[in-house]
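Dropping a structure here in structure tokens format, bear with me for questions.
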Amino acid sequence: MRHAPPAILTHNVSVAFDGKPAVSGISASFPDCAINAIVGPSGCGKSSFLSALNRLNESVPGCKVDGNIELFGAALGRFAPNREELRRTVAMIFQRPVPFPLSIRRNMEIPITEHYGRNRQETAGRCEAALKSVGLWGEVENRLDMPATQLSGGQQQRLCLARALALEPRILLLDEPTSALDPMAAGLIEELLRELKSQMSLVLVTHNLAQARRLADTVTFFWMKDGHGYVAESGPADTLFNTPREDVSRAYFAGHIG
Amino acid sequence: MTGVETQNRLAALAIWSAGLLILGAFTLIVGDIFWRGFSGFELGFLTEDPADAGRAGGIRSVLAATALILLVCLAVTLPIGLLTGIFLADYTAGGGRFAPLVRRSLDTLAGVPSIVFGLFGNAVFAHLLGLRISILTGGLTLAIMVLPFFIRSAEESLRSLPVSFSQAAEALGLSRLTFYGKIALPAALPGLMAGLVLGLGRALAETAALIFTSGYVTRLPESLLDSGRTLSIHILDLALNVPGGAENAYRTALVLIVLLFAINGALMALTRLSPSYREYR
Amino acid sequence: NSSSEDIEKARLSLTGSSTIAPLALEIAKRYEAQNEGLRIDVETGGSSRGMADARRGLADIGMVSRRLKAEESDLTAHLLARDGVGIIVHSSNPIEAITGAEVTSIYKRETRNWQALGGPDADIILVHKAEGRSTLEVFLDHFKLDNPSITPDVIVGDNEQGIKTVAANPAGIGYVSIGTAEVAIENGAAIKLIKLDGIEASTATVADGSFPMARELNLVTYGEIPENAASFIAFAQSADVNDLIKGQSFVPPRR
Amino acid sequence: MTGVETQNRLAALAIWSAGLLILGAFTLIVGDIFWRGFSGFELGFLTEDPADAGRAGGIRSVLAATALILLVCLAVTLPIGLLTGIFLADYTAGGGRFAPLVRRSLDTLAGVPSIVFGLFGNAVFAHLLGLRISILTGGLTLAIMVLPFFIRSAEESLRSLPVSFSQAAEALGLSRLTFYGKIALPAALPGLMAGLVLGLGRALAETAALIFTSGYVTRLPESLLDSGRTLSIHILDLALNVPGGAENAYRTALVLIVLLFAINGALMALTRLSPSYREYR
Amino acid sequence: MRHAPPAILTHNVSVAFDGKPAVSGISASFPDCAINAIVGPSGCGKSSFLSALNRLNESVPGCKVDGNIELFGAALGRFAPNREELRRTVAMIFQRPVPFPLSIRRNMEIPITEHYGRNRQETAGRCEAALKSVGLWGEVENRLDMPATQLSGGQQQRLCLARALALEPRILLLDEPTSALDPMAAGLIEELLRELKSQMSLVLVTHNLAQARRLADTVTFFWMKDGHGYVAESGPADTLFNTPREDVSRAYFAGHIG
């Protein structure tokens, strides 16, 4: 009897900018229905690696991704027939919330109609469901036509989450999603992520070790050597935090370096 | 070094003086037009056609021709200008080595004397394409003249948008069409409008390019293939060729400036209606 | 379809001198009012363009604000009106009359101060027209002057500009269209027209032929004149438009 | 939705077409000038003065007058333009409620027909200030016309600098004079140069404003108080008033365009020398 | 016998933007010749408070600072006769290095000549000394005329430090100075800060608890209540990290919140 394939399986992935590698030789496996944290110091290529998973750095000039990526057991190309489909299925949330400078409603509607066609009722339904799932519905229900940029930082980030969730992704990539938010707002997002992991695979890049301790099921620890990042150690969260094998992980998790 | 404080004060003084100087020049020039244009101004000036070579009557037909020419100009400038602006602002759209060439061409075109555009429009649109001396020919010629300005300002306003918008749109799997149509252009609206105002201003002020293309006729235009004169040509003709035409020249200039204010105000009001406005002062 | 052809047929186009254009426009309006269905488009672009467009058939009738030269005899001129060119000085200048010899001497820079003519002690400021202007040609022709030998203080392009310049220079002298000058004086411009060789410079003396320095305002055609154009020219040359010609400060020719 | 890919391709097509269209129009217009201007072009055209109303001879004196007028225009535009640009870009400089007023005034001025500037310059500089019809008067009038464009583009390029520069300068206790003079203006150089190129282009192309201010004289100017005609006026005059002047009009237009290219190239080369260049493509 | 006054003493300081307080009631004391860390979650007003110490937020429209600040026992106004003198004495380093887009040499020279006048030799001397003190001299000695923006992130940050140190400040404010740098570059900066504390008082805002543990002599912990920041606890680093008094500090330092 075989296990279900992991949500994400990478083999020897490297990302280079203008020929200069930012990360290289990344082989990692992220299970479904789990929060997979990526931790490590600045500049070690966490964001670059994350963007490779939904081919978002393809539009960065001079950026080249090598290696194999499989999603749910299928090569990236077979998993999603085209880039748009891939982006819908593998959603991405950034450090700073990026609401479009439009109304809250338009922020939600534009991606929904793009992927599911123009159907007024279905769109409204999806929009409401997604906003409810991030706990924003009650707060904005009566002012959907107000500019999204007038929301607080935490609300904006939740709106961005809702915007992505409305497309029903199977994988959610998060690049330090709470590091620009105040602790209450960050707490709300953390709670949300815990709820979401029953439905999808989450990959969470974070600087905040405490956050990783609180949330992560698996941890992948990036470190730098020769000017580019690599995976120094990875595995279940417990193992990494309590009994890391490598010297560098031990020093990092004990707070001596990084 | 307390000299620093003095320096700061001197700098502030110089900067303020420059601002005041500009405002002064503006007041002087526009004030002069208002002063002279208002004396003896009657509403009939707007509803009657010119008579006695423009000395008598009003400027109804001239206003109509001006509006039509501007519309033709806009109909060409807006789509081509926005597309080219996107082309220049967005490297992935293809810019690369080609964009600097287009940009340089535009800068050069911006410096070509308008009389050359006039001769060109006359040769190509009026005669080669058989559009005659007409509102259409004038509008097309104006469009070529205004495009360099509009494109550069469209490029600038698109370029000033944070890249995170484009990134977020890509991450949501939106097409470029959706991104530009529904997100970037609405967000860049204030800048685009400012560019449009500048471009329209230039179009309204143009004479040399229009003498040969939209013409001199003061009859009320019935179609886009009729010839018609614009406010600026009317002013020029009254000032240069019609003895005793100065009064109506100033009145026409007054109308033109009020029109400019109105267009400016209307576009800004439009901008303010968009939810993108608050983000960008 | 045939109706659109009719419209094509009933179109008449004039182009050329910007001096004549306002007058032609008024004449055209009156003629259109009398001939239902006819459209006359008056365009401008200068005398030379008027001749060029007439030759190339781009316009039915050209407008030229001077007498045709010998080498331009392929065109047929139709005299529309006359425009006198008068000498102007600042209104504060006591000089009231001037002779041809004095003008020649001033423009050759032999006379340099108004005192020599009984005026104030002030250096004369010479205002001259730019090359290519028909007023200039009339002036040079009348005084048998050679343009390169003249070193003016100011060169101007149009009549309005000449008037503005003299009005701003109490010691200035210049020459402009008499009709235009009369209107400007009526509107309070600080200039005056002075007698030339004892003859009053006014539209009246131009009309009766006594004022010597004048230019022709012509309509020109090339080759066979279409019927439409011929009858318009006939109208433009009739006494029916005298009031319009006077209205534009020009002088109707003796008919 | 594979429609998205199709949409992307359509968008790319439209955007590229627009770019090509602009380049095509440019080639047509500038090519025409080159084609006609080059036939029979001799170097003597640059070293002789015009003769026979411009039909014969060259354009030496016209070039000289043009250069002088541009210099006067620059000497006024640069300092006032930069100061006002700073005024508008920098709220602490005093902007506040006053800046929008100045900005609106500039937009309006940009749309005032140039003939009005000509009449204004004639009345104020030539007569009221007694500068006569001269290169000085022409240059000053041009400066007023070009300022709105230059200021707006100076404002934009200053505004596009990261605020962190100004913050870091403050943290180091630098005066505003030092900050603008040594850091912000050098950093904004590429944008400023682009604005300058546009402004100079407009100045070179102008005619209506100069007819009444710098005049028609084709003699080689000996001082700034002499009258002199610019390349554009020469072109206009040859095209409109001088039968048989078309050939030399095109030759003059050719010279003007080559001049524009040269100015553009020179300013860009200057920009590339600055260490700020690499940061701001 | 009295102790020397602390380098910085604040009493009941608050910073408000457009009338809305970002932090309030901050009373703190930072000794000289020490690294004083300020830690706390995002948005709790650490940067706002830091800027108040050299009046840098005076030029932010709508920003108002209240309360008393004393430097070396003298009120802010008496300590430095004018703003420029204050900025020279109380230097500030930002999260992202801000080299001016000029040559390395110009970056160093402009502030030096501004404060000490134009003296070619003295300027060159100060420039060299400052670059040496941050360990950059050997790396850039031969290419002082290259654009500063071509340096790596770590080098840029050290250049910014050198630029400030050339003015001989007595207090150095650092707002997350290593959070945008890779671990090697960050390590270099940390070492530098340790050296600098013999000469001046350092105030270090950091998100990185491990960094605070490694460097700090005193710690001030900011937390949020009612939408604005306040000091939840402060004292010697040992005390805070090992035996915090307040519940919120205990939870934060244990990684349960924030």
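Per-chain numbering from 1; labels A, B, C, D and E assigned in written order.
Definition applied: contacts are C-beta pairs under 8 Å (C-beta built on N, C-alpha and C of every residue); 3 or more make two chains touch, one makes a residue touch a chain.
Since the model is a prediction, treat every value here as computed from it, not as a measurement.
Using the contact threshold fixed earlier, the set of chains in contact with both chain C and chain D is B.
Of the two chain pairs examined here, B-C and D-E, it is D-E that is joined by more C-beta pairs in contact. The most distant chain from chain D, with centres taken as the mean of CA atoms, is A.
Separating the CA-averaged centres of chain A and chain E is a span of 32 Å. Per-chain Cα centroids separate chain C from chain E by 80 Å.
Centres computed as Cα averages put chain D at a distance of 46 Å from chain E. Touching two or more other chains at once are residues 83-85, 114-115 of chain A.
Touching of two or more other chains is recorded for residues 4-5, 173-175, 178, 239 of chain B. Those residues of chain C in touch with two or more other chains are numbered 45, 158, 161. Interface of chain C with chain B (complex): residues 13, 18-19, 21-23, 25-26, 39, 41-45, 58, 158-161, 177, 179-180, 182-184, 186-187, 247-249.
Residues 45-49, 51-52, 130-133, 151-158, 161, 164-165, 168 of chain C touch chain D in their complex. Interface residues of chain B, counted against chain A in their complex, comprise 91-92, 162, 164-165, 167-175, 178, 182-183, 186-187, 275-276, 278-280.
Note for the complex: chain D touches chain C at residues 53-54, 122, 126-127, 132-133, 211-212, 215-219, 227, 237, 239-245. Taken in their complex, chain D has these residues touching chain B: 4-5, 7-8, 10-12, 14-19, 21-23, 25-26, 28-30, 32-33, 79-80, 83-84, 86-88, 90, 93-94, 98-99, 101-102, 104-117, 119-120, 123-124, 144, 147, 149, 151-152, 156, 160, 173-178, 180, 194, 197-198, 200-202, 204-208, 231-232, 235-236, 239-240, 253, 256-257, 260-261, 264.
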